[in-house]
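Shared between the two complexes below is chain A, which has chain B as its partner in the first and chain C in the second.
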Partner chain A sequence: MAAKILVVDDAAFMRMTIKNTVTKAGYEVVDEAENGAVAIKKYEEHKPDVVTMDITMPELDGIGAVKAIIAKDPDAKIVMVTAMGQQQMVMEAIQAGAKDFIVKPFEQERILQAIKKVLNK
Partner chain B sequence: MENTVLADTLNHFLQACLEIINQITGLSPDRGKPFVKKTPYPVHHVISIIGITGDIQGQVIFSYSDKAAQRLASAMAGMEITAIDDMTLSALGELSNMVMGRSGTLLSEAGINVTITPPTTLTGEQVTVTNQKPVICVPYYLENDQLEINFAIKGVN
Partner chain C sequence: MFSDEELGVFLDELDEKIEVISDGFLQLERAGESPEVVQEIFRAAHTIKGSSAIMGYDKMSALTHEMENLFDRIRQGELRVTSEMIDVLFEALDTLKLLRDKVVGGDADVDIDPIMAKLGKYFRGESDQESGPAESQPLSVSSGGESENEPELTDAEIEIIREALLRGLNAYRIRVILDPDCQMKNVRAFMVFDRLEGMGEVIKSEPPAEQLEEGEFDREFDLVAVSEKTADELRQKILGIAEIEDARVTPVRVSDDEFTSTTSSNAEEEASLAASKTANAAADKKADGPSGMATPKTVRTVRISVDKLDNLMNLVGELVIERTRLDRFAELMESGQKSDELVDTISEISNHLGQVTGNLQDEIMKARMLPINQVFSRFPRMVRDIAHKLGKEINLVIEGRETELDRNIIEIIGEPLLHLVRNAIDHGIETAEERRQLGKPVTGMLKLKAYHEENHIVIIVEDDGRGIDPAKVKQAAIQKGVVDAESAERMSDKDAIDLIFRPGFSTAAEVSDLSGRGVGMDVVRNQIEQINGTVDVKSSPGKGTQFIIKLPLTLAIIRALMVSLANKIYAFPLANVQETIQITCNEIQLVKDREVIVVRGSVLPLVRLAELFGERSEAKDKLSVVIIGTAENMVGVVVDYLIGEQEIVIKSLGKYLGRIPGLSGATILGDGNVALIVDVQALVQEFTRKEDKVSARAG
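After this line comes the complex of A and B, so read on.
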């Protein structure tokens, strides 16, 4: 059975890009979310195997969403996919519970490697 | 902001702009001469506004002509885009977001810490923008197609 992915990003274009990339690789995108608050609800609804999570989003940012999801499911596998590559941001995300951190723009292979890596853990 | 500090700060943004546009589109726009704009000022048909806070505060307004918008969005999507629709606007908002994200990384490496807001991208005819601060405009050219980055920022004492 294909691993289930939840794609979280405020930009419809980026959600489409990530969805196309992971779908071509054989994963199933179970849903999308445009901000952290919706991401939390979608996570509870679908219990995806992996979440790709942007940081800079309205309503609730990605770091806040990671903390909330991890608080309910410490085994959640979340890969940050964000334009913000500062060291401080990386540390905050990992401390919040994210398993990997990808800086946009990224090669398609990078996100696929990250998903494969967290699924194999 | 002193002139030399401002110039150094702007150079981080401009470096990020060229890096990101080239990396995701393969295009290398030519940079025009920066100049100061009085506010309010007209902008192109498509604009993307990103707020910035922290050691630098203000807004950065990306302004795209229709042709530049279509060209950049086409390169990002890997297919020809001829309409300025919601997905095109989203692509350009994301382009602006990545430029600012990369800028933030370069600035942090120089000891300047900023955070950015999600982009607001819109399109309209005869739009003018009013900022409370003087605006420095940096024009870019993709052959005959133009985009501008307008900096309404302060900080970095």
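After this line comes the complex of A and C, so read on.
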């Protein structure tokens, strides 16, 4: 069965890009969320195998969402999708339990490689 | 292909590292070998090697690789720095700069083979003579796998490994190789640390944790870690991280005799340096949980393109204009209506907005500022080279290198400064022999100094050389037809020295290849005036010369004198305005059909702005005159009315208008109208040149 992915990003374009990329590679995007708060709710609802998580979002940012999700499910596999220059925040997210990260703008293989690697663990 | 942004970052870093190397070489030459300097040069070469390889600049990578090798030998104590070697190193640096220029668009093909051969000769020759590098290398720990470039362990670290082995743990060397185009390398390194800390302990890293933290490494880094896991488990764990190409994990074994051998290592100092760094990192680690990289201590920065800053400045400019308009509006309301709550509120808002805009403007100005060291830093090398060539001994003193200037100004000021420095060495400072005979210190002094003064930056270029002889200047000026004998006769010494700034004048008795031909001090003055600066010279024969350059803090916003002419408003940059006077028509004299006025004994050409711009001026008996230019080149400009001083934001006239004679730009006024900015430099130049021909008869 195809791994289920939850795509979290406040930019519709990014969500679309990620969705297209992972869908083409055979994964199933179970849902999307446009901020951290919605992401937490949808994680509960779908229990996805992997979450791609933007950092800078309204309401609740990606780091807050990672903390909340990891608190409930320490094994959650979250890949941060970050912009250049957000090193400190990525480190924070990883300390909070995010499993990996990629940097925007990314080539398609990057996100696929990251997803594959977190799934293999 | 790489994006412009990546190329930009690459070039920025390249320049930075080239400077580190250049500074390092100078320090080696001046102060002799020191482990810190050698290490710094090594690291800089290493960084360039890595990034240029990624970018595909193979020659640059090859050259820096060779430099890195050489410095590796030096830091291992296998090679000593000689003065002959320094010359070769400088040659290598020049080649590196040529390669750099090629990246930014130079098309000359750079041949690196000769310099590669020279560099290679050093350490290859050296190691041939020795019985073999292995013996002199302080490697005390051997590992199962490859042994090149691996971090050396200090006694303390070996002790940790020994203990770990006793407790039944394993010790590993781990080389982590990132994907070639891996982004945020430092965070990747952080993740590797994070993973390993979960399974054991990282006891050493090369480069040290601080450098990894800053991303200051190539694609690879080395770690030494102890863990109860097997090599393969560690490897798999690391490979589970994205954008990591490979992780080579090899067990470390420590034997007794190897352990004792480290103490006699000649790289001891370096090793202990590394050890203390690791110790610091270890301390952080304990304080902050899983990793030594958890607490970034450096100031957070982002790189931002100059275009963006220019845009921001532009927008603030607009804001300044709107604020002025609001001020104007508030004033109107206040004068129209009496005190009214609405009026009060508006003027309060206007005041506050004024403050905020002012602060915003200051902050953005600051963001555009760069330390003048960007320009100064290239002089030590240049002075050294020229002094060598001319057989002069010169001590270059630089003061105030941290003084900040708008980056546009930094970009322009380099060239005139270069010219002044070259002149000082070439013509100013005497040869050692000459100085000895004169009873001066044999080593000449050349001083570059920058400081802040009110709303200006002052840069001084000073030497203790032979100075400028006014009599000789006069003679040369007459010979070259710059002035006629009669007016030269009447000139004060100061005025005579100022003749060096006239077009067509060159102080050099013979043209040397250093100070160049044709480009004289007039160009220096022009360049400085272009950025609304002034340059002055003071000199006493036999004692030295001092050039004083005054520059505005920024080019974008200036204070200007606003005048009106035929109901239109014009702005004169205040920096160029000497004074304003009122004259009556009968004070105007005619010299060779040109109007002049006499102001405190000086004859100034008079320009009627109305005529110049084809406007119809009001016929008045009293005329308002703006006196512009510098002390020795002044012009009086007749306008209709003086309005007052104001801060204006300079806007270009736009591409489709191109350059318009007499105008240097435009600005938008508080009421939304456009005012034109008068090109003072051009006016002064245009009219003082004519003045030369008449000045002999006037006065």
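Methods note: the second predicted complex is superposed on the first by the 118 of 121 C-alpha atoms of A that agree within 3 Å, B and C clash if a C-alpha of one lies under 4 Å from a C-alpha of the other, contacts with A are read in each partner's own complex, and residues count from 1 in each chain.
Here is the rule we go by: contacts are C-beta pairs under 8 Å (C-beta built on N, C-alpha and C of every residue); 3 or more make two chains touch, one makes a residue touch a chain.
Only a predicted model underlies this, so the values are computations on that prediction, with no experimental measurement involved.
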For A:Lys41, is the partner it touches chain B (first), chain C (second), both, or none of the two (neither)? neither
Would you check which partner chain A:Phe13 touches, where first means chain B only, second means chain C only, and both and neither mean what they say? first
Taking the superposition as given, does A:Thr56 touch the first partner, chain B, the second, chain C, both, or neither? first
Given the touch rule stated above, what does A:Ala83 touch, chain B (first), chain C (second), both, or neither? first
Is A:Lys24 touching anything from chain B or chain C once the two structures are fitted on A? First, second, both or neither. neither
For chain A, give the residues common to its interface with chain B and its interface with chain C. 82, 84-85, 87-88, 103
Can you check the complex and tell me which residues of chain A touch chain B? 10-14, 16, 56-58, 82-88, 103-105
So in the complex, the part of chain B that touches chain A is made up of which residues? 20, 23-24, 76-77, 86-87, 90-91, 93-94, 97-98, 100-102, 104-105, 108, 113, 115-119
List the residues on chain C that touch chain A in their complex, please. 183-184, 186-187, 190-191, 194, 239-243, 289-290, 293-294, 296, 300, 302
In the complex, the residues of chain A that touch chain C are 79, 82, 84-85, 87-88, 90-91, 94-95, 100-103, 110, 113-114, 117-118, 120-121
